[in-house]
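In the two complexes that follow, chain A is the common piece, with chain B as its partner first and chain C second.
== the complex of A and B ==
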């Protein structure tokens, strides 16, 4: 079996051939501003709703990734995508136009590594040669679904995070050159009873710790960089504390996409960025380029998700967390 | 992992930044105060210059404040005031108007009846319900004790 502990071993080459990232205006002004392939000017991008803007981002990310690499639909075996909206609207409606065999998945903000992990296993299993993985999130469409109307005057909690407007399409292939996915650990749901929807970082941190710990224990790989998806300042602090308490500190080589994508102080994002687009955009631009340039050789990339339901939350339920790890090596 | 639902809360509290209570209170006091001051100026102007009685000027003032708030919400400015003013912009009647206009704007893309009309009281609904209910109780009491 291609498995060690709870981690799947990708034995054959699964190469991350290329990426394409599109982000919103605010993200385009952040610390990674020159790293993205495209920055859109406003919340609507010529569409008449935020939801339509989000699916256009997903569709365009895939189309531009294909064009950039002269890929045609005949060469692509599968599209795996997901997003935050009800019925994963952005993914399904983007897939409608893309005319590719499609699997839609929901993993909240953990979707990027969920799609890439599934893609890697399908390629390693010999079922596919080329797969495109894509996720997206949009600040406005997420706010209106999960929180309050945008024009409602009020104050955001200091622990709240800012949903990233962004999308990234990733091309996985069994041939060519590029960083390779070596290990995949799908996390289990960990829920330590956080009910505060304004503190997602704290809700996800135990799941992130659990998956990271499992992955590191299973593989024994000494990573150059460990990156979580969107824990923000609070979740990142908690993960560090948990590892330190076990005397397995990762602090010197650990970072979080939610704290990388924004300038936390200047951009007024409180605890940092979040959303499916957060880890997707940071990986597709900043981290992927670091791997290509050999600045890092071994990356543990872990998208983190808060499987939050506003309905369940009102019924007194807490917020289940999940995290999926990808061990990527040059 | 050594954490469970009981001891994890302490860790969360340790890492979660506290809201700036004192600053928020001061800003709420200033913003709420200014809104009420504007209301008083409008009210007194009606009485002093237009010769309207105090009883009639009061609801007219409310209507004008609601109108201003709705306009500011539509222009996308009220949420910016709310970010600084906090409760000071939520509690006065202007905050109530904002809570009606903001969902109305947000749901207009889903159509006039099933979008805007169906969702316009999404936030203000509880205020209206308890408002109606307490006026009903007040009415009953006044009938009994008159």
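== the complex of A and C ==
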């Protein structure tokens, strides 16, 4: 079996051939502003709802990725996608327009590595030559669904994170040049009882620790950089603390997409960025370019998700966390 | 590549080793009443919400499947699951208790074949020896979320289907005896513009036709029985009509889980059953036993999904349909 411990081994070449990122205006003013392929001007992008804007981001990210690389549908075996909205409608409606065989997944903010991990395994398994993975999130559609009407102008908690408006499409292939996915660890759910939906970082951090620890133990790879999805400042601190308590500090080479995408001090995002689009956009722009330029050669990329729902929250449930890891090497 | 046309070929043995089904009271009074492993007495099963009852069905189906076969977590490589609820909480909360590496998918009522197709490919790809696939739906949690409060006592449309209260867990393995998954066709989205959320059968039928046609054309297998997920009486009629118009009638060997699970005349279900639990419970009980008993040797099993959301519906969108096919042979 292509497995070591709980981690799956990608034996044949699965290459991350190219990426395409689209982000919102606020993200386009942050520290990564020059790294994205496209920055949109406002929250609607000419559509009549935030939800339609979000699916347009997904669809356009895939279309532009295809056009940039002269890819046609006949050469793409599968589209794997997911998002935060109820019934993952951004993904399904984008898939309708893209006319590709479609696998929809739900992993909340862990979706990017979930799609890429599955894609890598299906290519390595001999089923596909080219797969496109895509995720998205949108600040306004997420706030409306998970929290409060934006029109209310409610004050945000200091521990809350800012859902990234953004989408990234990733092209995985069994041929060509680029960084390779070598290992995949799908996490199990970890839930230490956090019930505060305004503190997702704390809810997800134990799952991130569990999956990272499992992956590092299984593979023994000495990564140049370890990045989690969107734990933000609070969750990132907890992960560091958990590793430190086991005398296995990763602090010197660890960062979090939720703290990379925004200028935490200046952009009023409180605990940092979040959403399926957060780790997607940071990977598709900043991290992928670092791999292409040989600035890093071994990246442990881990998206993290909070798998609650507003209904479950109102019914008194705590927030189940999950994290899926990809070991990527040049 | 393990692919013919748009259909994936499962080369090595992927065996459906066992199943476990749990259904609600109404389903337990239908034509398949003696085929299910467990029938629950009421809509709550001792829980304090319908949602908690639904996740208990999923968790119990997996636990009982494991116990029946002396399976322990160390021997199970992955849990793949999904359901109808926002953020697929039945699946995620069940996965929390089951403590297995977890892949969450969303395909609405197409979820059962989506999980089993993915599971078969990951086993054939050499990544796993044993995978458990599970889905669920619950009439009351679905009505509350998608339609109207049950307490209102609203009258149901004659074209509406009755969401099945039920769950099925399926054990896929690379060893042992049982029916084998030989082919997998993941559908693309087909949307002919149906906007009536009370007529899902009509919305999903064109997608079912598209995937069935693709699968039959790709594989050339002469199936003994072709079964769709939950098109109900209306959708089933449309599929028959679409095949007849192409002079490729499948009528003599075609049936639909939504019309099999209930006595349409006597049980007041209008157009038939639906929900992730519908094709799951019918496959896990009735169809699986037919395969085990050699009553049928070649089954084309196709779950169908309507990938809309109440929000998208209110925003004027039509309903995107999808269907995923499994070719199963003894």
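Definition applied: the second predicted complex is superposed on the first by the 330 of 330 C-alpha atoms of A that agree within 3 Å, B and C clash if a C-alpha of one lies under 4 Å from a C-alpha of the other, contacts with A are read in each partner's own complex, and residues count from 1 in each chain.
The rule is simple: a contact is a pair of C-beta atoms (placed from the backbone, for glycine too) under 8 Å apart; a residue touches a chain by one contact, two chains touch by 3 or more.
If you're wondering where the values come from, they're calculated on a predicted model, not measured in any experiment.
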Partner chain(s) touched by A:223 [first = chain B, second = chain C, both, neither]: neither
Contacts of A:77 with chain B and chain C, given as first, second, both or neither: second
Which of chain B and chain C A:49 touches, first, second, both or neither: both
Partner chain(s) touched by A:171 [first = chain B, second = chain C, both, neither]: neither
Partner chain in contact with A:108 - chain B first, chain C second, else both or neither: second
Contacts of A:127 with chain B and chain C, given as first, second, both or neither: second
Touching partner for A:93 - first (chain B), second (chain C), both, neither: second
Which partner, chain B or chain C, touches more chain A residues: C
Chain B versus chain C as contact partner of A:312, first or second or both or neither: second
Footprint overlap on chain A, where chain B in one structure and chain C in the other make contact: 48-49
Interface residues, chain A side, partner chain B - complex: 48-49, 144, 148-159, 190, 192-194, 199, 202, 206, 209-210, 213, 234, 237-238, 241-242, 245, 271
Interfacial residue positions of chain B with respect to chain A in the complex: 1-5, 8-9, 11-12, 15-20, 24, 73-74, 76, 78-83, 85-86, 89-90, 95, 98-99, 101-103, 105-106, 109, 122-123
In the complex, chain C residues that touch chain A: 1-3, 6, 8, 48-49, 51-52, 77-78, 82, 85-89, 92-93, 95-96, 99-108, 114, 118, 121-122, 124-129, 145, 185-189, 191, 307-312, 315, 317, 320, 322
